[in-house]
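Two complexes come next, and they have one chain in common, chain A, joined by chain B in the first and chain C in the second.
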Partner chain A sequence: MRVEDVVCTFCGCLCDDLVIETDGKKIVGVENGCTLANEKFMGDHRLKSPIRREGDRWSEVSLNDAIREAAEILLDADRPLLYGWSGTHGEAQSVGVHLAEILGGVIDNTSTVCHGPSIMAIQEVGHPGCTLGQVKNRADVVLYWGANPIEAHPRHLSRYTTYADGFFVKNSFRERKLVVVDVRETESAALADEFVRIEPGGDYAVLSALRAIVRGRGEVITGPVAGVSREQLVRVADLCMKAKFGAIFFGLGLTMSPGKNKNIRNAIELTEELNRHTKFTISPMRGHWNVYGSNEVFCWITGYPYAVDFARGIAFYNPGETTSVDILRREECDACLVVASDPGAHFPRACAEHLARIPTIQIDPHVNATTHLCRLQIPVAVTGIDAEGTAYRMDGVPIRTRKLFDGDHPSDTEILERIYAIVKEAKGA
Partner chain B sequence: MSGLLIRNAYVIDPLAGIRGEIMDIAILDGKIAEGAGSGCEVIDAQGCLTLPGGIDSHSHVSGTKVNFGRYMSPEDMRAGRTSRRGVMHVTSGYSVPTTFGNSYRYSAMGYTTVLEGAMAPLEARHTHEEFTATPHQDMMANTLFDGNWSVMEAVRDKDLRRTAAVVAWTLAAVKGFAIKLTNPGGTEAWGWGEDLHSIHQQVPNFGVTPAEIIGTMIRANELLDLPHSVHLHCNNLGVPGNYQTTLETIDLAPDLNSRRQSLYLTHVQFHSYGGTTWRDICSKSEDIARAVNNRPQVAIDMGQIMFGRTTTMTADGPMEWRLYMLHHNKWSNHDVELETGSGIIPVYYSRKSLVNCVMWAIGLELALLVKDPWQCMLATDNPNGAPFVKYPEIIALLMSRKFRDKEGEKIDPRTGHYVPLFSLDRELDWYEIAVMTRAAQAKALGITRIGKGTLTPGSEADVAIYPLDPADLDPAIDFEQVMAGFARTRYTIKRGRVVARDGEVIVEGANSTVWTRANVPPDMDLSADREFVKKFEQYYTVRMRNYPVQDVYLPRGVRIDTEVSP
Partner chain C sequence: MATSFVYYLQEFLRLEWMQKFLFAKTAPLVTPPYFRDYPELTGKTCTHHLFCMMACPAPGAIDVVKVPTGWQPRIHVGHCIRCGLCVEACPNGVLNSGRVLESMFYDNTRLVFTFRIDVDHDRCMGCGNCAVACPVNKVIDAEMGHGGHASTDGLLLIVREGKSKVLHLEKCTGCKTCEEHCPTEAIRVARLLEAVQGPEVEEA
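And then the complex of A and B:
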């Protein structure tokens, strides 16, 4: 069967124009997808049934037993951590938040190790952004800063920027200037009209220099800044100020390099400064296809986008304290539920070690690095293939992912609702 | 379902012409009934003020920008938080509470129906998700068309039917309720960092003016026979001297509908400024009220501001930028392709700011100077003027000159030179407050047809019983009790169930989402219109097939069907 307008559940671009060919419960063809999408849809490395670690061996367990055990582990914990959420649909995230609430636990999503600093900066100075279509239809200058879309968001350029013709930009490739700022010459940098190569750790200084020039105080810059010549700084600032509509996209190269949230704050303040001259927007290149959805869902239920601690009864948020890495690092949590992410692959070693010591449960369709740390894993349907639900694109546009066929596994929502029901009953709520 | 009998209630039901009578109200199967059946539950209202459930006709509680207000404001989240208690979930937030926070606080005040003031069609799914998590109020969404390219093109071509067709397709696709225009044309100009300064200025690249958009949309609205009228946030919000723009806009409104207004102007306080700068800003409420008094085809809401901290959020992106240039705190902006814009900044309205004092006075003046309470609804443009939890205080101010004078002593002493407030003697009565907080909203929104806003048999059994005894209270003097009484019902009843008692929510909610489908003849159906489809696929970043909000997002949707007028 051929299904059109399929939503790709890989990265934050959330492309919704894929054409998928299915044969029963198997995907046999992907059109319009990037290499990441092809692997996502065609790859077949699913865990077949729930597994449980006994000593150093795995054994299969029934779904009912696995759900019961997961609930018991969480009920038995004093400080459970519910982590992940970026690779599942909003409905499951919502059940997860209510589960954390009733448990008095901590719930956190993958922002904690990606765009958490961006969120902290936004909480200081706000966020002048827009939907991606604004950029596609209007932008004549686009900057990628510390982001390499060719590798990480392969269709970002063709759907929204360099190769995307828009209403006011009829020939995007010619009419739209591309600036790439990075510490190394990436594949994306090779496409740029202007590649600004900065010394590692130099982002904050370069942003400050650009702000000074935009403010008309360029004379304070007397020589190169973090390896960027004064001439180039002036040229880039000038290009931005003369733009009719400019858009900055930034990635982890900016959020996770020295300065972190202060880098982002500086970039946002540069954007604000540019708005005194023209129209400028700034947007984070969100990674997981629904990490932004987890921020959204957490926000409307708890008030905070990530790192929410219910231990005091109220929702409490303090990044650096209630963030997963810090909780694990302090060896504070005594049980962890991992849903739709892979902390085993992304967290610092000390955190992974703690995850291996405590009872860690993973709800995930695939065997991944976290599998090796956990005690129990429950496989589920893959959202966008055999489960459906809401996803939020990197710019906040909500799109409903499509279910292509009925698979063999329950969805995240179904598993979480069953765990929630057991916990709720045990709590007498 | 078992019945419920409310005995001994002091009922004001303006739509039924009941101006204060002790009577019994019977409820059966979620509706007001002639009798509640034997063995029904009985509530003794003890002569307390009993009104149809409150209706907010303009409030920002759900959707992309509201949630971004939460996202960017942990300080506001910390400023109002409650823990999980009984059936109540954790809540956070003061000016932008979480969805459950909004829902519980509205319930405590006796509100059972809320119109979300602005929903960008492209992001409608988000609004509907939050509606589902706002469980104790029936919700509906104003749908933004102010910078809609297809609308502007149809208006430019003077094609009324096509304008209406775009509205019909969009409302049906996004499960929206009504047409909202926020700074029409200005939000498109903001795509280039510009704004429009007059309703006769052309929108860049589109060759239409706000006046043409407004005029055509009013007619398109009536062509589709939508329950509500065009819901307009005028151009030039918050600009000194903007009352002229507002008066010109009011002049555009024809009288096309005998059941309700033809144009609803929202948060008019923000649009009633005289003067030329922030230094000489003054109230023009008298001019605006006079215009409204002369035109039954127009209805407004106050857009009252109250002193203290809040968050401003609107689709009016350029206005938020101007406000940011004044406040310099933090600024978010979110333009939505082919449709609209939005912006958010936190503000503090201070008694020590003359400008803020003038604004405060103007909202009250509008309510006191508009003669017919059916034409002026009580609202704060929540949370822009103030969080909705301030409504009881506003009610008390409108009912008591003494309270106004007392408050007047606390504000900038120069205020009286710039506003007429302190010369106004009018004190609103219980009936007028009942009109301004539910009955007028039901009429203006056109939702009496689904049983909203009244307690006549067959209506939705949404009832608020306040701990206020009108026989015993003089609101002109006892304003403290009035405030406390309207802040916390004794009972809030939603669709026949007691959902809140003495401020505590006691059951899980099960709200409805009300939306409109205008059934159009084939020549107006754009779903197969080649030009419309082609433009959609070319310029949006979402496929047309993935754009409509699926039924699953409205677990209890209530659809109002309309037909194109012949």
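And then the complex of A and C:
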């Protein structure tokens, strides 16, 4: 069967124009999707049934037993951590927040190790952003700062920015200028009209220099700034000021390099300066397909976007204290539920070691690095393939993902609702 | 000093030498008919295939510019080496130089361009820059140009199974836009220039 307008649930681009060919419960063809989408849909490495660690071996358990055991582990814990959520749909995230509340635990999503600093900067100075549709239809200058869309969001350039013909930009790449700022010459830099190579850790200084030039105080810059020549800084600033509509996209090169949230704050304030001359926007390049959704869902239920601690009975948020890495580093949590992400592959070693020591439960369709740290793994349906739900694109646009066929596994929502029901009954709530 | 000056005068003031110098019998300075000068416009309509530019071996010797009446090739004389390949490659006979067009007509010869697109699947990220930027694709399917959704199978390039795929090679005009905008150097366009003799129908 041929299914049109399928939503790809891999990266934050959330492309919704794929054409998928299915044969029963198998996907046999992917059209319009990038190579990452192709692997996501065609890959066949699902875990077949729930598994439990027994000594140094894995044994298969029934779904009911697995759910009961997961609930018991969470009920026994004094400070459970519910981490992940970016690779599942909003409905499951919502159940997760309620589960954290009833358990009095901490709920955190993957932005804690990616765009957390961006959110902190946005909380300080706001977010002059726009949807990707605006960028596609209007932007004649596009900047990628510390991001390599060709490898991380392959279709970003062809679907939303440089290469797409827009309503007011009829001749796509011939009318648009592409600026790439990075510490190394990436694949995206190969396409750039202007590639700005900065020394590692020099983002803040370069942003400040650009702000000074845009403010008309260019004379304070006497020589190169973090490896960028004065001439190039002036050229880039002029290009931005002359734009009819400019868009900055920043990635982890900016959020996770020295300066962190202050880098983003500076970038947002550069955008603000540029708005004195023309129209400019700034947006984060969100990684997981629904990491933006997890921030949204957490926000509208608890008031905070990530790292929410319910230990006091009310929602408490303090990045650096209630963030997953810090909790694990302090060896504070005594049980962990990982949903739809892979901290084993991305967290510091000390945190991964603590995850291996405490009872860790993973709800994920695939065997990944976290599987090797956990006690119990429950496979679920993959949202966008055999489960459906709401997801938020990197620009905050909610898109309903589609179910292509009925699979053999329950969805995240179903599993979490069942765990929630057991916990609720035990708590007598 | 004075002696050498006298010798000098004696050498040049000989009658024989002066006759040869002033009344030399050389061949008349006329341009032979087979001489190829810089290509000139014949007045025929340019269809903007750019084959002249593709065939030209001298960098910067020819370009095609937009004029009020349409497109028109322009020769840069400082760069042109007068090889005449542009004249032969043009499908419409827009340019002429010497007897190139004439001899092509009598000998029934032509220069034919064909194109070949190779995609290195190990390098291709399936980003779709090639398929979206492709000017041929844009004409066939506007949706493709507006963000990479293929709504027809008649496209030149398409992203299928996560890799760029050539569907209709015969539609390629050899512009190399795809190659220029591939971030991973995964797509390569080869322009094959062949000299053929004989009527077109026989070749087909």
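Criterion: the second predicted complex is superposed on the first by the 429 of 429 C-alpha atoms of A that agree within 3 Å, B and C clash if a C-alpha of one lies under 4 Å from a C-alpha of the other, contacts with A are read in each partner's own complex, and residues count from 1 in each chain.
The definition used in the following text is that contacts are C-beta pairs under 8 Å (C-beta built on N, C-alpha and C of every residue); 3 or more make two chains touch, one makes a residue touch a chain.
What you are looking at is a predicted structure, and each value in this text was computed from that prediction instead of being measured.
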| item | value |
| --- | --- |
| Chain B versus chain C as contact partner of A:Phe173, first or second or both or neither | second |
| Residues of chain A touched, compared between chain B and chain C (which is higher) | B |
| Touched partner set for A:Glu296, first chain B, second chain C, both or neither | first |
| Which of chain B and chain C A:Gln134 touches, first, second, both or neither | first |
| Which of chain B and chain C A:Arg159 touches, first, second, both or neither | both |
| Touching partner for A:Asp17 - first (chain B), second (chain C), both, neither | both |
| Chain B versus chain C as contact partner of A:Ile150, first or second or both or neither | second |
| Touching partner for A:Asn275 - first (chain B), second (chain C), both, neither | first |
| Partner chain(s) touched by A:Val30 [first = chain B, second = chain C, both, neither] | second |
| Contacts on chain A seen with chain B and repeated with chain C across the two complexes | 17, 136, 159-160, 166 |
| Residue ranges of chain B in contact with chain A within the complex | 62, 64, 67-68, 70-74, 77, 81-84, 89-93, 97-101, 122-123, 125-126, 129-130, 133, 149, 191-193, 205, 321, 330-338, 344-345, 538-543, 545-546, 550 |
| Sites on chain A touched by chain C in the complex | 17, 19, 29-39, 42, 136, 150-151, 154-155, 157-160, 162-166, 172-173, 187-188, 190-191 |
| List of chain C residues in touch with chain A within their complex | 124-129, 131-133, 138, 142, 145-150, 158-163, 181, 183-185 |
| Sites on chain A touched by chain B in the complex | 4-5, 7, 16-17, 90, 94, 98, 101-102, 119, 122-134, 136-138, 159-160, 166-168, 244-245, 272, 275, 278-279, 281, 295-296, 299-305, 310, 312-315, 317, 390, 392, 396-400 |
